[in-house]
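Right after this note come the structures.
After this come two complexes, each holding subunit A, first together with subunit B and then together with subunit C.
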Partner chain A sequence: MERATISQWQFFIITLNFTLGTTFFIRPGVLIATAKQDAWIVPWWVGAAGLATAWMWLNLYRLHPGRSIIQICTSTAGKAVGGFFALLYAFFFIQITAWVTRNLGDFMKTTLMPETPISVFHLMFLVIAAYAACKGVETIARVNESLTLLLGFTFVMVVLFSLTEWEWKRFEPALQMDFWKTVKDTRSLYGFPYMEMISLAMLFPYVKGNPGKSLLPGIAAATGLLSLIIFFTIGILGVYRASHLIYPLYIIAEELRAAPFIEHVEAAIAVVWLSSLFLKLSIAFYCSTIALCDLFGLKNRSRIALPLVFLVSGLAITIMENNVVNAQWDMRYTFTYFSLFGVVFPVVLLVWTGVRNRFIPGHKEGAS
Partner chain B sequence: MIIRYSICSVLAMAAWLVYIVSRKSPPRDIAVSAAIALLGFVVWLSIVAGWDWNLSTWIAWIIDRTGL
Partner chain C sequence: MSGILRKRIVPLVAALAVSFGLTGCWDIVEVNQLAIINMIGIDRNPDTGNLIVYYQAINPTGIIAQQRSDGKAPVYTFKFEKSSPAAFEEAAAGIMPRKLFPDHFQAIVVSRRLAEEGLLDIFNYNENKNNRRSNVDVFITNSPISEVMNTYVPMEKLPGRSIRSTLEMQPKFTGRASQDAQLRDVLEHLESPELTVVPLIRVDKRNTPNVNRLEDIRGNIGNLMLVGGALFRKDRMIGELDTERVKLFLTLKGESRNIYKELKIDGHNLSIRAENIRVKRKLTLKDGTPNLKLTIRSDLALLMQNMGLDLNVETMNRINQKFEQQLTDEIVRLMEEGKSKGWDLLGVAGDIQRKRGSEWKDAKRDEEIWRHTKLGIEVVCKVRTLGTMAHPYKGE
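Entry: the complex of A and B
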């Protein structure tokens, strides 16, 4: 395992960027289409569920201090069964990396460079992410720290200059949604982004002190920001327009007029926002790499980083046909599939650990 | 196209393997690296050959079959 430590603040920033990374681009349109003018409320209850689940992961980590989720699997359930769980987790992390890569490629192809083959974007970003993974978690944490300020500044500027389009009547009639139907229809938000944050359990051993002190506030802050982004999207674009767009936030930037002589700033803004997607990609790629290293007991991350670029860039192309099919898949399967890794397996591991600690003498791990 | 892709990929994988072997990497590192590269090769071969397969569809099929 890499000998590195990241501070609580750095882990907070990593959590924030990992949660919001692709979510702020993709989710607002889908949520507004489902919950209409009340969509900004949805992240609150889903975020609360996400916090509860993260608390469970932290409890699991408390029983196995200093171990990643892959190591917890193998140490709890043994080499055969635990190894199988760990293999599934490693596959899941690689899949998340492929998904993030595809989202990034789709965004570039749809908005900025429609003639360029999508695999070019995939390979370009993945090579940089692999380089970041080779350099280690401290480097990724420092890049996160330095870029987050720029990202925040860009968001604030876009929102401030777009406020001229704001209309309060776009929120009317307020609080008209059928609560349980909306909960059911928006459950995929619980899968993506909250359940995919199980990837961050790979980073728990590197955090100085208790990772919960930065993970939970990170999730809460990301939830608040997501709600705020949806709120502004509704206020500026309205429900009808926002729900028919794939990237409503990009359209807000596209229509932004800072002054009569400053126009079409969307390309510059998109490049800054791309860095947010890149931060998420580099974290996901790093988690995939160390998952494989932990699983197979490898010494050097760089030996698998390059083949992994080859694999992930291919998977990113085959992972979905197009945005429409992906939206349908997301509605039907995201919640179930992601909950398997975010809830079911951790609960099984928690119970397994509890039973071992209680009934098998000499197996009490991390009791301190 | 497929033959050209296969030759290029196999050459690239061979070069990579020569590199990591020359850096005296542990056999386990070499084996895992080669296995991942091989998987990547198969995935890219399927793309170049135009085989109609989709990871998400497979997952959806498993979820549907298990009744989740």
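Entry: the complex of A and C
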């Protein structure tokens, strides 16, 4: 395991960027299509569920202090069964990395550079992410810190300049959704991004002090920001248009006109926002790398990182045919599949740990 | 890692990293190889059913020549006819020596007959393109589209920029057009009962496709002009409003804050500009009938008065009352005209759809309920600006 520590603030920023990266690009359109003008409320209840689940992960970590989720699997359930769980987790983290990579590639190909082969984007971003993973978690944390300010500034500027398009009547009639139907139809939001944050359980051991003090506020802040982004998207673009677009936030930037002579600035804005996707990718890639290192007892991360670039690059191409297939998969399976890793396995590990601590004398993980 | 290996691998990795910079070449855009489109015209051939598209491409040397006024053509218009909007780029490649670059076009002009058929296919094609923008101004034309697209205009030599600039002035000075008349505004109302007004233009009949027109001192000749508004319901043009009705429609929608009006008091003419117009709408339901209460407040600026009266409090009151009465009458007339043609010009149906509460349930289902709306109008205005004369000259 890498000898490194990150501060509470750094872990807060990592949580924020990991939750919002790709989410703020992809989710608003889908949520607005489902919950219409009330879509901005949806993140609140899903975020509350996400917080409750994260609290459970923190409890599991409290019973296994200083251990990543991979190490918790093997130390709790043994090398065979625990190793199997750990392998599933490692594959899940790689899969998340591949999804993020593909989202990034799709965005670039669809909006900015349609002639460039998508694999080129994948490889270019992955090589940098691999370099970041080799450098370690402290480097990634520092990059997160420095880029977040720029991201926030760009977002605020875009919103401010787009406010001329704002209309309150786009929120009318408010609070008309069928609550339970909306909960059911938007359940995939619980999977992505909240359940995939189990990846961050790989970073708990590096956090100075209690990781919960930054994980929970990070999730809460990301939820608030996601709700705000959806709120602005509705107010500026309207429900009808936003629900028909894949990247509504990008369209806001594309149609931004700060003054008669300041327009067509979407490429500059998109490049800054791309750094948000990169931050998420680098965190996901790092988590995948150290998951494999922990699982197979490897110390040199670069030996895993380089082959992982090609594995993820290949997976990113084959993971889905196109956005339509992805949207259908997301609607049908994201909630179930992600809950397996975010809820079911952690609950099993919690119960397993509890049973062992209670019935096997002298086996107190928390005291070790 | 041994020294020799390091010596070989480091340059290799560095070369690989540098080569990443070349990947942008796939999407390279050389300005010298682009046909930058300034305005697009769309029509349908009634005989074949095919779409006709006119691309007005900027002539770079013509733009440079513009500074020297040596008469070089600032734009060239290319015409293509195809069955699908997606086929035009390929068709353009067969005749244009440069790559079609529609990213920065300033206006779309659509023929009236095509607008009346519906523009859904064109909207969908446009919204799906990565290099499109929907914050582009849309114009409908009564003139043959070929004439609009084959017209050189004075002052702003690029016709697209010219009509866009003309349009942008209107909300501030005349209220004859709204800033919310762009493609995205029509798109936003594709599923709602709300009506949108898109500027209607025509070209002076004396237009000429020859660049010599730019040397003619008479600015009106062959120019593009704003003549009213095309009324859209969903993707289709359903009617036409003249300039005065457009002003009123936009004022009631809250999209126009200033309008120019002419009043007549005791047979004398007055020119007024109503400024800072605020419209408050209150829709209620009484015995199943919608009641719309409009409260309009405005400041008046007296531009010219020929009443032969001194400017005193009594005169001011008469002007206020006359304006209030005239505006009320015009709104009632607009509503009645709209009803007779099936146009919900006051936007009552849209207001009903945005209402909350079970009492509105039946009203939301009844698409024709807006016709039964009872209208209450209150206009409150005050003359605030008089100009620099204390009293008009009487010549007595």
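Methods note: the second predicted complex is superposed on the first by the 366 of 368 C-alpha atoms of A that agree within 3 Å, B and C clash if a C-alpha of one lies under 4 Å from a C-alpha of the other, contacts with A are read in each partner's own complex, and residues count from 1 in each chain.
Criterion: a contact is a pair of C-beta atoms (placed from the backbone, for glycine too) under 8 Å apart; a residue touches a chain by one contact, two chains touch by 3 or more.
Values in this document were obtained by computation on a predicted structure and should not be read as measured data.
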item	value
Which superposed partner A:310 touches (first subunit B, second subunit C, both, neither)	first
Partner chain(s) touched by A:321 [first = subunit B, second = subunit C, both, neither]	first
Subunit B versus subunit C as contact partner of A:336, first or second or both or neither	first
Which superposed partner A:146 touches (first subunit B, second subunit C, both, neither)	neither
Subunit B versus subunit C as contact partner of A:240, first or second or both or neither	second
Subunit B versus subunit C as contact partner of A:59, first or second or both or neither	neither
Common ground on subunit A, meaning residues reached by subunit C in one complex and by subunit B in the other	none
Footprint of subunit A on subunit C - complex, ascending	17, 20, 23-24, 26-27, 103-104, 127, 130, 133-135, 168, 184, 187-192, 353-356
Subunit C contact footprint on subunit A (complex, rising order)	110-117, 120, 124, 127, 169, 172-176, 238, 240-241, 244-245, 251, 254-255, 257, 260, 264
Touch list for subunit B against partner subunit A, complex	16, 20, 25-26, 28-30, 32-34, 36-37, 39-41, 43-44, 46-47, 53-56, 59-60, 63, 68
List of subunit A residues in touch with subunit B within their complex	95, 98, 292, 296-300, 303-304, 306-308, 310-311, 313-315, 317-321, 325-326, 329, 332-333, 336-337
